[in-house]
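Below, chain A partners chain B and then partners chain C, in two separate complexes.
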Partner chain A sequence: MSVATQEATPAAAKPAKKTKRGPEHRPGLNRWLPYLLLAPAVLAELLIHIIPMLVGIWMSFIKLTKFFIANWSAAPSAGLNNYKVALDFNNAVGEGLLKSFGVTVAFSLITVALSWVLGMAAAVALQPPFRGRGIIRTFFLVPYALPAYAGILTWNFMLQRDTGAVNHVLNQLHLSDGRTFWLIGSNALVSLITVATWKLWTFAFLTLMAGLQSIPGDLYEAASVDGAGNLRQWRNITLPSLRPVNLVLVLVLFLWTFSDFNTPYVLFGTAQPPAGDLITFHIYNASFLTWNFGTGAAMSVLLLIFLMIVTGAYLLVTGRRSRRA
Partner chain B sequence: MRETQGFKIYRGVVLTVLGLFVLVPLYVMITSSLKPLKDVQGAFSWWPSNLTLAPFVDMWKTVPLARYFVNSTIVSVSATVFSVAIAILAAFAVSRFRFRGRTAFTTTVLSTQMFPGVLFLLPLFLIFVNINNSFGLQLVGTRLGLIITYLTFSLPFSIWMLAGYFDSIPRELDEAALVDGCGPMGALWRVVLPAARPGVIAVAIYSFMTAWGEVLFASVMTTEANRTLSVGLRQYSTQTNIYWNQIMAAALVVSVPVVIGFLLAQRHFVAGVTAGAVK
Partner chain C sequence: MRLRSFVAAVAATAMGISLAACGGGDKNDSSGGGSGGDQTLTYWASNQGTSLDNDKEVLTPVLQKFTQDTGIKVNLEVIGWNDLQTRIQTAITSGQAPDVVNIGNTWAASLQATDAFLPFDGDAMGAIGGKDKFVPTALATGGKEGTDPTSVPLYGLAYGLYYNKAMFAAAGLQPPKTWEEMVTDAQKLTNPAKKQWGMALAAGSYTENVHFAFINAAQNKADWFDKDGKPTFTGDGNVQGVLRYLDLMQKDKVANPSNAQYDNGTKSVNDFATKKVAMVINQNNADSSIVANGMKAGEYGVVPFPAPSGAEQVASHVAGINLSVFKNTKHKDAALKFVKYMTDAQTQTTLGKPFSSLPVLKDAKPVFTTDAAEAATFQDVYNTKSKPLPLVPAEDQFESTVGKAMNSMFAKIATGGTVTADDVKAALKTAQDQVAAGS
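Here is the complex of A and B:
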């Protein structure tokens, strides 16, 4: 990623100076104009994303405790120490990170799978036109449109032990005694998955629905003439046609859920149940509760490396399979 | 897809189950905002027996909600204006010019969208603290710091979506404008932008939603002076009391503008998402 940036930025920065002076209709302007147009975007991305990321990598190699936050150039080098601490699974810091990683993997896989299945089920159900389809489709998008914290706060209220709607319903249906703790203890993961899926499945739905619209209807007609039932049509027409959409969708869903911060933060606040300790939440707390930014930065870099490996492997595997097909 | 009896049953089941899943939290949010405090502190009830609008009045007094509202509005509107303006320029370059570094630019910008926010959070926080120490420009605890940060969050998706929109506008229109004596910028302003108005509106709503709902950076970059709604709503839970009815009322009031905006622009979103996914 940084390689690509180095290539793009000097080119964009230099001509910005040159053209500012010249009048608009100057010949040769068209050669520089695109770089001039890109300059603000490049500058903003550099300032907020690229430079902080490079600084973050540098931070992971220094001993950046609270004494050096305002004067970080004086912080002593830590070598690989921050990484050793983060990856030493026998001490408390490393053990915490490993557990949080495990929770996050389980959370992401289940949330992505559920969101995809629900999104697909709804998109297929709404594929043939019928009265009221538009209204239902719009209604299903509300959880996505809602500010994340507003939805999560509502779930927080619903998941309260004594006053919440969830325990009330479970009790009425005689499924439990209505005294379950949802936000502390081992149920925290179930709560996280439910709340995250509530918001995310509608994004899967939105995307899959858009994908379904681009499948030509005569494909289905031809299959019907051949006597293929709905299930076979879904397997033989819908799924293969949606392949490009699915490839992007699953990756995006995974990257989002894996770095989900809003859900645990708004749901648990400072309580941090171990079963709901998602990795971004974990790094955040590790950094801002102890003000030990060096270790936090090392954990962030490890997270980045993990996500890059997964993304690379995913693209490689799916790309190879597409070429063979 | 044929509408067999089986399909109709399938459709009925799926839509009922998912409809309830979506509806119940919304219903709880709305009805709880109409209950007095003692009713949300007791056992849950589906029907609000003592209807009251008091939470919608009291919520402004329990926490300085009006100030959070002002902060969120200023931050989100400014971030949206800058983000959309920057995205329009960049998307025009990507769509209308062939130049060296074009692919590198689009891939780099898009990939920044994919990385977890916590990666930038710590260094950005430190950079802001040190900018303040060296130049006296305060970015932590001010709206300016939030505006600069948020405008970049929606930028990648906005550029990508707008470039797709611009691509769909025939180049002959630009060329006609150029023949009429417009410069390239004149063509963008007079021809391309008016034709791409739905796309611009969709992108603006997306940018606004992103800034309005952001939690992670707001939790670190805000102090009482520039607190936004996303963290401000937490103030309703105090040591002694959690004002759930007021939280629900505030959450409702905060959500209505963005939900309406999104639902109005949803068709353009679907178009943008499809164009991107098919590409």
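Here is the complex of A and C:
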């Protein structure tokens, strides 16, 4: 629940900036207009994010097991006990959480890197106009336009061992014996990264493509006159010009992948393998399968704190660097 | 100022939520229509037939008859097994519950612990026809021992070993009476080159896996909880029981490693019905799926799921579906009337066939099959060779932790790894720690 909070913050902040540039000539209205315009967003934010988050934090300090879920107010205080259980790495629950955290970090880093590289490559490749460019661009957007559930379920069918298309194709190409398990065992992480990247890279592509439109063409012309090759142009013009876009893009991609729930949930169903045990899914299982919502909430709060620290550190470091530049 | 407006917003939201809650609660009443004494019950049914739609088709005329008899309308929703437990949890947590709900009988003690369900005390039990009408072992699954049960049996189920008669005859085999015979037969009927396997296992389904952990351990006379409700997962009998079942794929190699991805029982039953495997261990509701997939009633036989020679003759847990009433129902009397109707002899006979269930009533005859031998086998297993799953509040945690541990071990075996007795013990220790942390 509270995990999703991070995503919305950059988006919600954008309209706020715009409203400041409102009309200057009517002082009365001028004073209230920003608040008026912000009000629906603030209210929605409060309802959808802040209040559930506060409830989640409260839940993490009570003993909310199956004995009390029918009457929450009767649940005794757990103090810091839920956190102790989640953070005791010598114990099965804490150890499971730590492993899941490791899997999630690896998954996020690889998925974000792949998505960014693919998105960047496609955006740059489709920058110069050529016949059929529009069609290819549209084609690339399909994973983004497809409902997530349908897309991931299709992957689930394709990754089956005996009947899946992936094994069939690999077998036909003599790349494998066609008997690989993709959804259980250690390959599960590979499958998860593939599906998540497939889902995510178009967003990177779309964002970078938009960013590329704002780079003036004469910069490239001047560079060609100076004799810079394509790679040099990319490194010295494209990359620095896209820096502000990249800063936001990478952060958003990271937060999305780190708190990805749909992909493992739909891809693995109830039979999730340890190698694909992403943290939000892990927390869901910890709460709903064992009916221990207090510990689940404590894990969520820990995740929230972690993501806040990462985001804060990221913004601090990148912000300092851009000021220096 | 800022704080005050925040508090106001919180209060407004809280009001909004409670208003919405009222609105939700009212919906049940208002859908009953204009005329005065009309009552409408909301009933969540579990998936018993071949599909959710099939359940709806079967239940609708039965519910219509109830409405005709009593004037009480029933709002039916059929919920798949993957969602049912979560839906019930949400209903308990939010208080936005149906009036009557089907539950897996193994959840009974866990759900009873939530205090969200109506106990069938003397009065309530009397209103539904008295406890004496039920088979005692079936009624015993209704809640913790020595308490008023919060659920009553609706459909009875038991495990049996289904075998393909033609395949057994062709190989000159008799249906197995012991575990060892079952393994030998299965090995003779396994030919991976021809894509034929002795058995199919729902090895990726944690709910199926945990049942076999329980039954195999019970054959070894091992229990999963001591008399104080503390988990005892790592006993030798438990470890060996789990390993024996895993070895069907690992050591005996009578099941296709692909089975590790079978995340529900229907997939293994389908393999049996389409004659890819010679045997499958399933509950008697497999009948409707087997027939739906084209196998005829005389083509398969059923024997009790065998124990190793010399071991305890436990062939199943007391499986089945129970019926519960939510405590916060506004239509208690109507709900009890409905429970009485669903558990009376006539309704049981009507539903026994389409849902392939065993009768939960004393003196009732199974009607789910025309095969007298099969009916007798299942009735015998249900009445004399079944042991109830642990009737403790942590039962649901036992199911999820041990079942998921077995999923992982099957996955390890399928992908070429080895699982030893020590590995099983370590996995069960982890499961036990998880249960201990949750209670």
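One rule holds for everything that comes next: the second predicted complex is superposed on the first by the 284 of 325 C-alpha atoms of A that agree within 3 Å, B and C clash if a C-alpha of one lies under 4 Å from a C-alpha of the other, contacts with A are read in each partner's own complex, and residues count from 1 in each chain.
We take it that contacts are C-beta pairs under 8 Å (C-beta built on N, C-alpha and C of every residue); 3 or more make two chains touch, one makes a residue touch a chain.
Note that this is a predicted model, so its numbers are computed, not measured.
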{"item": "First (chain B), second (chain C), both or neither touched by A:Val103", "value": "neither"}
{"item": "Touching partner for A:Thr270 - first (chain B), second (chain C), both, neither", "value": "second"}
{"item": "Which of chain B and chain C A:Leu47 touches, first, second, both or neither", "value": "both"}
{"item": "Partner chain in contact with A:Phe288 - chain B first, chain C second, else both or neither", "value": "both"}
{"item": "Chain B versus chain C as contact partner of A:Thr207, first or second or both or neither", "value": "first"}
{"item": "Which of chain B and chain C A:Ile184 touches, first, second, both or neither", "value": "second"}
{"item": "Broader residue contact with chain A after superposition on the shared chain, chain B or chain C", "value": "B"}
{"item": "Which superposed partner A:Ser224 touches (first chain B, second chain C, both, neither)", "value": "first"}
{"item": "Partner chain in contact with A:Ser259 - chain B first, chain C second, else both or neither", "value": "first"}
{"item": "Touched partner set for A:Asp162, first chain B, second chain C, both or neither", "value": "both"}
{"item": "Chain A positions touched by chain B in one structure and by chain C in the second", "value": "47, 51, 69-72, 162, 269, 288"}
{"item": "Of chain C, residues touching chain A in the complex", "value": "9-10, 13, 82, 86, 89, 92-93, 95, 110, 113-116, 204-206, 257-258, 260-261, 263, 393, 396-397, 400-401, 404, 407-408, 411-412, 414-415, 417, 429-435, 437-439"}
{"item": "Interfacial residue positions of chain B with respect to chain A in the complex", "value": "1-4, 6-7, 10-11, 14-15, 18-19, 21-22, 24-26, 28-29, 32, 40-44, 85-87, 89-90, 92-94, 97, 99-102, 104-105, 107-109, 111-112, 114-124, 126-127, 129-130, 133, 148-149, 151-152, 155-156, 159, 183-185, 209, 212-213, 215-216, 219-220, 229-230, 233-234, 237, 244, 247-248, 251-252, 254-255, 258-259, 262-263, 266, 269-271, 273-274, 276-278"}
{"item": "Residues of chain A defined as touching chain C within the complex", "value": "43, 46-47, 51, 65-67, 69-72, 85, 91-93, 95-96, 160-162, 181, 183-187, 269-271, 273-274, 285, 288-292, 295"}
{"item": "Touching residues on chain A, where the partner in the complex is chain B", "value": "1, 4-5, 7-8, 11-12, 24-25, 30-31, 33-35, 37-38, 40-42, 44-45, 47-53, 55-56, 59, 64, 69-72, 118, 121-122, 124-128, 130, 136, 138-151, 153-155, 157-158, 162-165, 167-168, 198, 201-202, 206-207, 209-211, 213-214, 220, 224, 229-230, 233, 244-245, 248-249, 252, 255, 258-259, 261-262, 265-266, 269, 280, 283-284, 287-288, 293, 296-297, 300-301, 303-304, 307, 311"}
